[in-house]
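Below: one structure, written as structure tokens.
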Amino acid sequence: MEDLYAGIVDIRTARLDPAAALAFVSDARFGGIALFVGRVRNHNLGRIVTGITYDLFEPLVLKTFRAIDVRARAEVGEPLKLYVAHAKGDLGLEDLAVLVAAGTPHRDEAFRACRLAIEVLKHEAPIWKQEHYLDGDSGWSEGCSLCEAAPATERAPAGSHTNVGHVHGH
Amino acid sequence: MEDLYAGIVDIRTARLDPAAALAFVSDARFGGIALFVGRVRNHNLGRIVTGITYDLFEPLVLKTFRAIDVRARAEVGEPLKLYVAHAKGDLGLEDLAVLVAAGTPHRDEAFRACRLAIEVLKHEAPIWKQEHYLDGDSGWSEGCSLCEAAPATERAPAGSHTNVGHVHGH
Amino acid sequence: MNLHLALYGALRDADPTGYLELEVPEGCTIGELREHLVAFLKTHTSQVSESAVRGSALATTDTILHDHDSIPRNGELVILPPVSGG
Amino acid sequence: MNLHLALYGALRDADPTGYLELEVPEGCTIGELREHLVAFLKTHTSQVSESAVRGSALATTDTILHDHDSIPRNGELVILPPVSGG
């Protein structure tokens, strides 16, 4: 699995590092790298956001990241290097929440693998977002139930259907 | 046009810098950033590549980058920050050839703007690639004729059709 | 049997300790456990909506369990409410 | 009129100076110029394929010209062969 980096970064001790993600997926064979960076933005659903707390069930998050890697390889083929990392803890405005990077010989595969990875992460990784608002209130985001679909960790990679077309507001 | 960075980087004096691209498109309003990095890879069409020389007609390249920005805004809407930069000169293996980054409130728009930008750049910007091979031979890549389609610089932004579905091997 | 249920996300509001202790009949399935949980939380707290509990998956540290699965012998489970990462 | 045509990409192989000088009739259009160019390059060099010339756009520093456009008065043009950036 040296072609996958799957990580959880505790905001108290480290930061997500886009340069590290790009370096990991770089390879002399690869002409295309796609990177997605998710950051804490200053608003959601009409409310002013001052920060986000991310809660993760780490063993299954890492297992989901490994399942994402298997699915991405089945969808776009080899060779592929994939980097998936999520932050945990109390994030401030503009802190990085998630990084996904994919390196492949050509650009189409890189874009597709990157998109697949972030969509599956958002829909299937056991991660929860608690938004903190300017008025002092906080709320856990509405999310995707893990009961509704067989999770990534239980799907057969070949012929599996990705959720890429299924884009929520979150 | 402070929401667009359009640049050409001469490899003799500087390098494309992904961190600068990410910084430019970052914004407190934005939760999603998509970045594409194109690098010189070690093979093409079965031949071992040792380097690439990029030739650009700079005034029209920069005009095309500005037209890409107009089209991206028409396609994905505001707010959007876009960074488009291409290298010129003699690049070695693994050097960065092109950077495109898009920042938007949500991820779908960031991915779409980034993909649109790199596709239009590849099909319509007056840039030429000369590959150098291990055996000492060199060759200019087969490319896309600018005669076949109205170039980005002459298209109406609204309702314009993107080439995103039209993916060449190059 | 006595269960230890670890809480995550919105379900953390159900108990400040971060877990629940719950007694269920021997041979209870995961689907039946979820019904016990809905009933228990109605009396235990007003902080958690029934729909959040009904939308929650139950899992071990290793895998998500289906409604027809039996409860693991060690009684250690995790409740995973609807997810919202990224 | 006398034209100065700057060369890019594969068309740089047409002349090491990076440009061509070409005499065309007054009132010539861009489409007609391309035919003159094809004929000229056949005698001038074997380094450039006819298809590359036919696939080339002609432009000023500011804009790409269409076949029915007339040649700019200053006679300064750029030949843009099929592109392959990125």
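All chains are identified by letter, namely A, B, C and D, in their written order; residue positions are counted from 1 within each chain.
Heads up, the rule we're going with is that contacts are C-beta pairs under 8 Å (C-beta built on N, C-alpha and C of every residue); 3 or more make two chains touch, one makes a residue touch a chain.
Quantities reported herein were computed from a predicted structural model and do not represent experimental measurements.
Path length between subunit B and subunit D in the touching-chain graph (shortest route): 1. Listed here as common contacts of subunit A and subunit C: no chain.
In terms of their C-alpha centroids, the spacing between subunit A and subunit B amounts to 25 Å. Centroids built from CA atoms put subunit D at 49 Å from subunit A.
Our note on geometry: subunit C versus subunit D, Cα centroid distance of 73 Å, whole angstroms. The set of subunit C residues touching two or more other chains comprises 86.
Across the assembly, subunit A contributes residues 38, 107, 118 that each touch 2 or more other chains.
Chain pairs that touch, as defined above: A-B, A-C, B-D. Subunit A meets subunit B in the complex at residues 18-19, 22, 26, 28-43, 93-94, 105-108, 110-111, 114-115, 118, 167, 169.
For subunit D in complex with subunit B, the touching residues are 6, 8-10, 12-13, 55-57, 59, 61-64, 78, 80-86.
Within the complex formed with subunit D, the subunit B residues making contact are 38, 54-57, 59-61, 63, 86, 97-98, 118, 121-130, 140-148, 151, 153-154, 170.
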